[in-house]
Amino acid sequence: MRVLRYIGKRMLFIGPQLFGITLVSFFLVKLIPGDPAVMMLGPLATESTLAELRTEMGFDRTLPEQFFIYIKNLVLHGDLGTSWQTTRPVTEDLFLRMPATLELITLGLLLGLLIGVPLGVGAAYLKRGIVAKFSDYYGLLAGALPDFWLGLVLIFLFYTILGWVPAPLGRLDFFIIAPPTVTGALLIDSLLDGNWSAFTSAAGHLLLPVITLGLISGGPILKMTQSTMDRMLESDYSRYEEMCGLPKSVIVRHALRNSLPSVVTIVSVLYGFLIGGAVLVEIVFSWGGAGQYAVQGVLNADINPVLGFVFFAAVLSLIIYLIVDLIYFAIDPRVRG
Amino acid sequence: MATTPEPSTILNIEGLHVSYPVYETAPVRALRGIDLQVREGENIGLVGESGSGKTTLARAIMQLISRPGRVDSGRIEFAGRDLSKLSEEELRAIRGDDIAMVIPNPRTELNPLVTVGKQIANVARYHLSLPRKEADAMAMAMLDAVQIPDPKRRFKAYPHELSGGMAQRVVMAIALICSPRFIISDDATSGLDVTVQTQVLELLQDLVQQQGASMLFITRDIGITAHYCHQVAIIYAGEIVEIADTASFFDNPQHPYSVMLLSAFSHNPKLRGMWSKPEELIENAEAGGGCLFAGRCVRASDTCLKEHPKMRSIRPGHGVRCHHPVER
Amino acid sequence: MSVVLSVQNLIKHFPIAGSRSVVQAVNNVSFSVSRGETLALVGESGSGKTTVGRCILGLIDPTGGEITFQGNRIDKRNNVRSRHLRGKIQLVFQEPAESLDPRIRIGVTIGEPLRSLGSAREDRDKQVREMARRVGLEEEALYQYPAELSAGQQQRVGIARAIITDPELIVLDEPTSALDPTARSEVIDLLITLQKELDTAYLFISHDLSTVRYLSHRVAVMYLGMIVEQGSSQDIFSRPRHPYSIGLLSSVLLPNPRLERHSEVSLQGEIPSPIDLPNGCFLASRCPFVEAQCSERMPDADDIGSGHLVHCFKHRDVIDDEKGTLDYYERFQAEAEKLLSSGQQ
Amino acid sequence: MTNSQGGGANGSTPRRDILAGSGPRADERRIDVYLSRLRYLLDVLRARPLFAVGYVIVATVILMAVFAPLIAPYPPETANPDDFLQSPSWRHLLGTDATGMDIFSRILYAPRIDLTIAIAGTAISAVVGSLIGATVGYYQEVGGVPSFFSGFVMRSADVLQAFPVFVFAIALVAIFGQSLQSIIAAIAFLNIPIYLRLMRSQVMSIRRMRFVEASYVAGTPDRYIILRHVIPNSMAPVLAQLSVNIGWSVLLTAGLSFVGAGVVAPTPEWGSMIASGFQNIITGQWWPSVFPGIALAITVFGFALVGASVEVLADPARRRAMAGSMRERRVKEA
């Protein structure tokens, strides 16, 4: 099987790539000023207790030694160290928070696709129609609005003024008992649990952040769809299909299929960006996602969460790129050949 | 000059003008009054240099002039119907069904993501309203008819997996599957190697004859028309300057431009010296309203610069647009 | 005649990404070009003729074989860019527009090769003017940009840039095939005149047989990376012996409906892929004269007199000399002259 | 020769220098070219008035930044505890924030920081990224050390692509301290891969162009080929990217400040202003956050429009379409 051989080949590269990323991020993050020992014990700690803690955490070793230990723990035990802020293993923290982020950005990008692709196709199909005009403005505007600001405005409108949605504080109302964690995505877990009230509460909390991300990411998806569709409809083979008298609907369908690789690419790029980039929206909605966790880590010289997050994000990105390649594989026979 | 179409005329073009606007300068007049009649079952070769308007004519017949170009005046009648009066829907029914196009460089013009079998079948499916299975069977038969070896396997092939000659045959299958009455070949074999080209040309000629279709064979290669066409028309700067039966044309080419083309082909320095002006002496005579070829013509007189020549017949079936046709 | 360029057993294989097989673009090609001589490499697309030219120009590295230029071996270290060879080998491309930098004035483009030869600026200016005059460009053109010139003029610029270093050899890669008939014949005439003046050797790469016939002294016919037949232009066009050469020549459609083609030697099917070529003769699958030994081994070159080399087991049986009808170019010329030389005012 | 002026062999009249591409006639032509470009720009603006809006926005924002001290009614960093959270009024056009600073004045001052960071960051990344990209692209297919180098650069860019860039930027600022320079450095660093890839793919296609090969065969040094032929012919998409990228960098700067890893509090900056008004919005005081956001959005919108117009201006296909729409307009007018 060609596909399997291809996946195998990709897997071979993933190891070195992850190592490279961990290496770079480790030495970089270690440069962040601030002594974790001082931060943990407070300004009143004595020099000896500080030194003790440093030895305990391995900070007295040379950087390459520290890196070696870090990698050894990661490979042998899947251990990414502990966060001094939460005093819990980073792996556990991330398994809790990463699904929150992923649920948010997956739904956000789905909404973006639902907005961007139909508008893009419509705008390319009827170049001078009202849809094209609207798409033009929408694309420019979505690229210009800061997502965190849009989130705030939505909160002001739908929570403060209209009161249609729950308070922007986390993923569930405080009185709702969270369903047992299976996937970490609350919508799915609550359904699996049959917990309807948790489901509606989770959905209500998701509404505004997902709309925020969807409206913003709809812009680039729309632009990419429109420009690729334009190109495809102007392409030699679309013109040829026109000469053969095929119905316009067939021509557009074929053009859309030929445009899919670019749409998939832009979605994957957005996904990769949002794993960290959604942190702004997470902060606005007090989401408690992985991005927030990492940013807290950076700002407080809490190194392990940052490294762990980078590692998780890299693994996810690499998985996404693999999926993208598989989609290309399915769509385009030339890649297969 | 509107001639009454003979009963057997399938395509009748009268006074067709097409132009493309150009930013900040005068529009390019791609076609300037084309008159052309094609009779049923006839194969007419249209020869011209690049930029002479050949492809524009093909697209005009299909009613698919690419924006921002447009038809300024003139009419195109196909089987008695004025094509410009038809709705987009009616035109779609004609394209690919009654009038089909054979294109060059098929490997970039076939959809890369669809198997060639499906691309052939699609045309039959939508024009003949066939169910998928029957359309597929028909496409398979067509692949066989264009002499593609192992049609079963090729049916599932993608365009990039085919050689140039194979892809050209696929395009012919697409053009012929609905048994069109009129086929336009736009420089169709120009991308092929010569040893393959003759095979493809012969096949195309056979199939077109079998179906009794007419053909407009557009080409840059005047050599092809000598062997595969009934009539030859020479187009220069958007005008047909000479039109005749093949034998009559090659025995007695009358327009200085036709003679120049033939002498260029011969590479005979003496003949070329006789019939072409060196590049530095070529002048732009377009503005004067005279003959468009006057600036490059070795026979040009004052009349040529002032007066635009009309198409006239010196002998039956042989028209020439020239004040001083070559006489032998 | 002194040999300027000699190519021995040239091989070029291109690796295919993600595969162990290679594209066998050039397989064992040998030829030489002398001073003041034009050798035409003729073949269809994929025959490897352009690749041969690129190997000589150092644009790609050959896989095997030897290229000798004026007694110096050309290889990776010692190529057309090396100081002692610089400007001695020049080239003219097929696409005149693409061979000129659209953002640079014609005069600067023509003079650029002198830059690396270290000639003084004033000197360069003088030479640029001189070259422009030689190729028939007006001085005004030197201040223009490529887009402002016609295709024929652009090609003249390409030629001026090539001859300004007074090269020993010019590789002409299909210099006329993108031009219209009239511009084409003018460029050909220019090339012939310049060769007479400068005594340069031309390696003329082309698929256009009628141009080749007119322009070249010797012809090498290439098929799938091999020279299947080479000899004087006269021999190849009027007494071709290799079935491929005959098929190629008889495929050309000349503008005279009365000239019948030789369909008995027409080649079947299409050119096989240059990946995993067979052991025997590459033409075996298409040749009407094929026999058992053809698919077993590659025929060696057979010299049939005055440097006319043929790679074919059956070349003696292929064509009936008595008929002598093969050179239908000759007949076309004769008829064309009869017809077209009358009637001028 | 028809020309009487240039060919004089006596040398008394100065020869026009062809190789330098200058001289009176060359200058004349150059002016013509500029004039015709300007005319085209005006025609495009007439056909797409929205582009004109873009230019107006960009110009206004820049003027705002320059003349802020003259226009602003209040000093931008002075808190007035008595006047905190005032809603918009004639006294405070856009209201005041929680510390009592005048929002209108702060919005006027903000582009000084935001634009400086965005423009400097984009410019640095464009220059550095393009140069590296051009070198990598030019030597891509050459064996030996250069090929190893380009492989290394591209793998590094790949690794960078799998990085969560935003968190990475925050980390960079954290490492180098919250100064203007380190924010610029972070923005530049984030944008470098964009230009690197863009330029590399361009150069790789230009590298195969015939005119580059002709130069190569003639023995012209690589450095000259890259600077004279390759880069000038590859710049168009980079230029089209610039303006859009400045807008994006403004957003990124604001985002950094919003999470607290960018410009520090009293300094007027749109992102940090939105952040400081964040808590008030839930209680209904919308103006401290909403107005800076609008200013930010309009600015980015303006740069995006200018970017889009550059793309249109550089595209020859649009030039043809332009001719078509002008004909239609003439028909309508007649």
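Read from first to last, the chains carry the letters A, B, C and D; within each, the first residue is number 1.
The rule is simple: a contact is a pair of C-beta atoms (placed from the backbone, for glycine too) under 8 Å apart; a residue touches a chain by one contact, two chains touch by 3 or more.
Please read all numbers here as calculations on a predicted model, not as lab measurements.
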Identify the chains in contact with subunit A as well as subunit D, in label order.
B
By the contact definition above, name the pair with the higher C-beta contact count: C-D or B-D.
C-D
What's the distance between the Cα centroids of subunit B and subunit D, rounded to whole Å?
48
With chain centres defined as C-alpha means, what is the inter-centre distance between subunit A and subunit C in Å?
57
List, in ascending order, every residue of subunit C touching at least 2 other chains.
138
Residue numbers in subunit A touching two or more further chains are none
Can you name every pair of chains that touch?
A-B, A-D, B-C, B-D, C-D
If you look only at subunit B, which of its residues touch subunit A in the complex?
62, 64, 66, 91-97, 100-101, 103, 105, 108-114, 122-123, 126-127, 158, 160-161, 174
Applying the document's contact rule, which stretches of subunit A touch subunit B when the two form their complex?
236-237, 239-248, 250, 254, 257-258, 331-334, 337
Given the complex, residues on subunit B that touch subunit C span 49-50, 163-166, 193-199, 221-227, 246-247, 250-251, 253, 259-272, 274-276, 278-280, 296, 298-299, 324, 326-328
Quick one: which bits of subunit D touch subunit C in the complex? Just the residue numbers, please.
1-3, 6-7, 15, 17-21, 23, 25-26, 29, 209-211, 213-221, 224, 228-229, 232-233
Quick one: in the complex, what on subunit C touches subunit D?
57-59, 80-81, 86-87, 89-91, 93, 95, 98-105, 107-109, 111-113, 115-117, 121-122, 124-125, 128-129, 133, 138-140, 142-143, 158, 161, 165
